[in-house]
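Per-chain numbering from 1; labels A, B, C, D, E and F assigned in written order.
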Amino acid sequence: MKFASEFRDPVAARALLSAIARKADAIGAARARPVHIMEICGGHTHSIFRYGLDRLIHEGVEFVHGPGCPVCVLPMARVDECVEIAERPGVIFTTFGDAMRVPGHRKSLLQAKSGGADILMVYSPLDALELARRSPGREVVFFGLGFETTTPSTALSIQQAAREGLTNFSVFCNHITVPEPIKALLDDPDMVLDGFIGPGHVSMVIGTHPYDFIARDYGKPIVVAGFEPTDLLQSVLMVLTQIAEGRAAVENQYARVVPEYGNSVSLAAIADVYERRPSFEWRGLGEIDASGLRIRAKYAAFDAEEKFGIGYATGRRSVPEIEGCACGAVMTGKLKPTQCPQFGKGCTPDMPLGALMVSSEGACAAYWQYAGARETAA
Amino acid sequence: MCLGIPGRITAITDAARLMAMAEVSGVRREVNVACVAGHDLEALVGQWALIHVGFAMSLIDADEAQETLDQMALSRESLA
Amino acid sequence: MALRDTHVTMAHGGGGRAMRDLIDDVFTSVFQPPDTEDQARLMDEALREPGARLAFTTDSFVVTPLEFPGGDIGTLAVCGTVNDLAVGGARPLWLSAAFIIEEGCEIALLRRIVASVAAEAAQAGVRIVTGDTKVVERGKGDGLFITTAGVGVIPPGLDLGARHIRPGDAVIVNGVLGDHGATILAARGDLALSVDLASDCAGLGHLMQAALAAAPGLRAARDCTRGGLASALNEMAAEAGLAVELDETRLPLRPEVAGVCEILGLDPLYLANEGRLVLFCPPDQAEALVAALRRLPEGQGACVIGQTLPAPAGRVTLRTAFGGARLVDMLIGEQLPRIC
Amino acid sequence: MALRDTHVTMAHGGGGRAMRDLIDDVFTSVFQPPDTEDQARLMDEALREPGARLAFTTDSFVVTPLEFPGGDIGTLAVCGTVNDLAVGGARPLWLSAAFIIEEGCEIALLRRIVASVAAEAAQAGVRIVTGDTKVVERGKGDGLFITTAGVGVIPPGLDLGARHIRPGDAVIVNGVLGDHGATILAARGDLALSVDLASDCAGLGHLMQAALAAAPGLRAARDCTRGGLASALNEMAAEAGLAVELDETRLPLRPEVAGVCEILGLDPLYLANEGRLVLFCPPDQAEALVAALRRLPEGQGACVIGQTLPAPAGRVTLRTAFGGARLVDMLIGEQLPRIC
Amino acid sequence: MKFASEFRDPVAARALLSAIARKADAIGAARARPVHIMEICGGHTHSIFRYGLDRLIHEGVEFVHGPGCPVCVLPMARVDECVEIAERPGVIFTTFGDAMRVPGHRKSLLQAKSGGADILMVYSPLDALELARRSPGREVVFFGLGFETTTPSTALSIQQAAREGLTNFSVFCNHITVPEPIKALLDDPDMVLDGFIGPGHVSMVIGTHPYDFIARDYGKPIVVAGFEPTDLLQSVLMVLTQIAEGRAAVENQYARVVPEYGNSVSLAAIADVYERRPSFEWRGLGEIDASGLRIRAKYAAFDAEEKFGIGYATGRRSVPEIEGCACGAVMTGKLKPTQCPQFGKGCTPDMPLGALMVSSEGACAAYWQYAGARETAA
Amino acid sequence: MCLGIPGRITAITDAARLMAMAEVSGVRREVNVACVAGHDLEALVGQWALIHVGFAMSLIDADEAQETLDQMALSRESLA
């Protein structure tokens, strides 16, 4: 596959691993005193485990798995609201596949579907739009979730629905943004991170400048990275190099896809359709100021919160999360997944308790699934 | 997050709605090209784009890709 | 009497003349079962041999769409049960076929599927000796479900099974993985993907005979269906009390299947197959086994994909192209397309 | 791992851990099949006897409601297949059981039905040796369908079948007719009828053994299921090339079943049974046969209901109480309640 | 069963058969010159075959099976309209079971159901009413068909729906009346009938006087009869007695159920809800003046013809029936079913061509099913 | 046509809607009794009625029934 296979070259990977080892040694990183590098994006977590990079890399480099899986950080109360909408008569609730298993307080969408709710898995909001066109008697709701990468797709779909005058299409908006939770993490006094791998696909939309504050205000290196294994290794090397050189800058390893100033069409669509919520709740992290988007009043006809009088629209706030999970500590790098008392006991991928066990992107699920952490736990 | 994958635009399928056919390893899917469309839609045909949830989000810059690969080769040589 | 209807109605399930006409015209005339009684009466000399055993298995088949590139629910229903018999070392002899038909099912479609069943059975050398039809109301079925059961004979002395697997055994597959799963995902249409793929659906009885002849030390075989290669290996590793280590570079995969997986965020190791099996044999017989498999059309892509290790029991890992390793765990529920 | 879910979701059909847990916890733990491989390996000494034959049959079971007075879909699934084996003279030995479960099915219900299957199998002296589960999406099933296949052994020299029936043979049933059909009609609820009836569902293996012992000249037997006694007799008369004449005054019928039929304008001869069979034997053995049947609980209501006549071939008539006669034809489609 | 079993006594039947034989002989009835007695009602036809009375009775008495099966006489065009209504989205079409198999030009209701139309079999219009109460989002249409026996049940159901203010219940009215087709038969110059068995259950609603014209104007005896075998035999005897005595009167054998003036509540309900159509089409008989009922304007809200703009409401008339069937001749006693060229060939119960093969009440179907006429035909 | 059957009224189930329970050979079904209801609904309990499509259409007159049977017995005696 062009623009992918070239970046999976084992020889190049070995070279990068050696270079990383030398650089790590040079800055004195060791198992006892590791350099902590957070990959913000769940896709990067996925790649690390899929290719076994965590086992291959120098033992002085420790990956900290960030909050960048929008499925994982969805709070239970929002899932409850999805279920509530999906169970309304006449509704066809459409969603990306991996959101189906996220537990709410009562049930997941998968369970609601088994109970009779009309829930349909789609690949794209365009498919939900097409379904709405073909089902004039039904209300088609699309479960809009995701970071800045995904936000343009729902914004463009809402604009298209408005152009066509569709009256039976709406989006249940749960879009969130990357910079705000990173800022929250950096503000944590217990924070141990030495640098960041920046999210490649978020950045293709927003560009690299939204991360300037990380380098400028907090003095931490960040390298926006592609998702292939050599992309990741090269980015780690670039972070280590900055550390070695005492620099902190925003660098772009993924220039083949990420333009410095992002994508103007996407940004315009987002700005037209969405506005910031004062605050939004993240599973494991709690409320974070200005971290979520909502649909602007001019598109209220396509806003499921308005149409169904549900969620932030009603002023109702979230029900508390479940007790006893260490997701926050794992997400901020303070604990490893296996150090959570629930890991593999109360919390497993088939009955997830915390955020990070939900999607295969989640740090705990990835540990379980790919890293064989189960044996460690058992 | 944000599963994205390089695909080649092979044809414009609905210019009014900015829809095109994209191909990934022999798999075809219609995608929206609003984010990558310039004045001449047909110019997209043959280009590679990053596809996410049915949208072509960004054109892939072959020169930049080569530069990144060159960069990697460098660390390989420095090893040798 | 010849059936004049074009679609199945509840009348065709009511036990009366309409049902009899449906059964006679669409099913019995094609399968020609040996008995008029509602039971087949059978005997095979191999069964009388001292030490011979009878093998018995069943599967229900539910698939959307009913017809897809490379096969239909009828070919699946025969291949699936033939394969479950074959991988245990049995020679498949007789099949039953029970059809649950949703009201409204097109009779022309039914005839095509029955023809597929008959053709695939002939190909596999088995007979459809008994059967049943039921009709369920619209909205209480999905066009057609088929349940087959199969009876075969295991020759004296042959005992394949996961418990015979030993450390160091070679792990072998008979061809590219995931074609069936990827084909069905695309054929279903709801993801709007289009790809030139066909199901790998195939009866593996002849292939297993060839395998047994080429590798007398064959320990065990299993067909990789729902849950894919990964699930079959996890089950077998657990039953054997051994570990399995796969070599990523050796896994045979079509680019189109890889493409479907990349787009949807799926892992091809978990994609369904309907004509693929995984075999375990002593390392010194691996080469002969692969060569024998390759001689048959359904073994064209045969290759060694890994080996067994003494421990940890039940663990399946994949050695990646750059020497990394990852756990290939049992799937949790179904594989759902990922977006993020 | 023990199943924590309360309802079946698509995840339980996906080939992964959820499916394995469902199968292990709900099915395998109860049925305890003999093999871990997906095929049972079996032998029975009776099969090796020269002249012995293997009997093989299958049926799918679809019933609404899944549980009803006198049984559930699980008891039906065992009894139906056991009976198809038994009426051919086979001793039922092994059953397969394939479950097609609709998403949303309550797991507690599933456990009850699996328990019924196990209990009925124990009662009938058969083992559930292999099985399968599939999960279909909501709206593409009807709670649960079960398909069983059965294998039994027919002892040397025994050959029951409609073609052995001779003119003058006695026609015998083992009990009152239509209880099952009337029970289901009422239990379904949509006709808002309420009646104290229970299904006649029963395994008839032991009864057939008793029949064979009491009437060595037994020609043929058939269970009366869908389409009722009338359909079974029509089939057999056609296969035998003889006529059957029933005596209306001898037909055993509960008043409640007659009541359901009067209200809905149905004919009890066409109502479904699940524990009733019709037997043909030489007239001089009829008395002994009836007496033997009556000795078992499932033969309490046994009686002679008619006789065979040399011609016309395939015709079934009913002699009415005042000497009139009417044709008891094959039903056309399903019996629909009549209003006028 | 009380009030039924007593009337199935074989000894009484034998006595009645003997009395009939003597009476038939007395009036010179013989196989070559039979007395033709029409049982108007399909229920009587059913009883005749169920108990084999046609074979037991004196060979000089010949039953002619009348047009009294409302399912059989339903014209194809009306079935087409049923299908049209049933296939409308949102409709639940409810019907008596035996109407499901009646063929239309394109298909029967059974076939429409298999094609996806939501068609439900019910025992009573009350069940359709209850379904409407429980399904506020759906339009529940009841297929009202039948003679005067059944008409009160739909009239009372419509009145009840009106009282409850239900807005999603309607009746597709196909009610017809008995006297008018009898008059049409009697007006046929080729008519050969010598007397009638009158319909017991129609008469319990309308009483016996509506038949006065038969005796008075046409000089034919008519005896209103019950449905048990001795009821029928006694009624035949009463008809023969009238003939023997040269009388023609309306007599009531079924006095335990049939009051002379009918049932006042039923008649009032019919009069309140229904009015006569100028004319209605009968399968096999064509249009008959004033033989059908329609819903009065004041109940238009419950009239499916009005609600769906279908049928006689639209002024559209029927599509012609299929060629080549002899239903009319059979129904008027001119031919026996087996004399129809289609009997058992183009026309069988599983693929009925004509009216009389449709329901098991139909003369041709009854011949096929009960009388073994198949062998005769084959 | 017009399948009707004798049933005994066993209880009034909903006086407002004129509904009662009827029993035929041990089979119970709720029926409407509008056509046979007098002023005292409860007086129906124990009576026999002709049931058609869920409605009690006519009360059965036991005396008339007996008279019909007597009439038949007569033709029997005349035969003897």
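As a working rule, contacts are C-beta pairs under 8 Å (C-beta built on N, C-alpha and C of every residue); 3 or more make two chains touch, one makes a residue touch a chain.
Note that the structure is a prediction, hence the values are computed from the model and not measured.
A.B. asks: Looking at the contacts, which chains touch chain C and chain D alike?
C.D. replies: The shared contacts of chain C and chain D, listed by label, come to A, E.
A.B. asks: On the document's contact criterion, could you list the chains that touch chain C and likewise touch chain F?
C.D. replies: Chains touching both chain C and chain F: D, E.
A.B. asks: Report the chain whose CA-based centre is farthest from the CA-based centre of chain C.
C.D. replies: F
A.B. asks: Contact counts by the stated rule: is the higher one at D-F or A-B?
C.D. replies: Of D-F and A-B, more C-beta pairs in contact link A-B.
A.B. asks: At what distance in angstrom does the C-alpha mean of chain E lie from that of chain D?
C.D. replies: Here the centre of chain E sits 38 Å away from the centre of chain D.
A.B. asks: Return the distance between the CA-based centres of chain A and chain D, expressed in whole Å.
C.D. replies: The separation of the two C-alpha centroids amounts to 56 Å.
A.B. asks: Please list all residues of chain C that touch 2 or more other chains.
C.D. replies: 9-11, 17-18, 191-193, 255, 258-259, 262-263, 265, 332-333, 338-340
A.B. asks: Residues of chain B that contact two or more other chains, please.
C.D. replies: Counting only residues that touch two or more other chains, chain B contributes 1-3, 5, 24-25, 29-30, 53.
A.B. asks: Multi-chain contacts in chain E: which residues touch at least two other chains?
C.D. replies: 1, 4, 42-43, 69-71, 96, 101, 110, 123-124, 127, 146-147, 149-150, 350, 361
A.B. asks: Which residues of chain D touch chain C in the complex?
C.D. replies: Listed in rising order, the residues of chain D that touch chain C are 9-20, 35-43, 47-48, 50, 52-62, 84-85, 87-88, 90, 94, 96-100, 129-134, 136-137, 139-142, 145, 147, 149, 151, 154, 160-163, 222, 225-228, 231, 235, 239, 270, 272, 330-335.
A.B. asks: Under the definition above, what is the set of chain A residues touching chain C in their complex?
C.D. replies: Touch residues, chain A against chain C: 1, 4, 8, 10, 13-14, 17, 42-43, 49-53, 55-56, 69-71, 96-101, 110, 120-124, 127, 146-147, 149-150, 229, 349-350, 359-361, 368-372, 374-375.
A.B. asks: For chain C, which residues are in contact with chain A within the complex?
C.D. replies: 190-193, 255, 258-259, 262-265, 312, 315, 317, 320-327, 329, 332-333, 336-340
A.B. asks: Once bound in the complex, which stretches of chain E touch chain F?
C.D. replies: Contacts found on chain E: 1-4, 6-7, 9, 11-12, 15-16, 18-19, 41-43, 68-71, 96, 123-127, 146-147, 149-150, 152-153, 156, 160, 199-202, 204-205, 226-227, 230-231, 234, 237, 253-259, 263, 265-266, 269, 361.
A.B. asks: Sort out for me which residues of chain F touch chain D in the complex.
C.D. replies: 1-3, 5, 24-30, 51, 53
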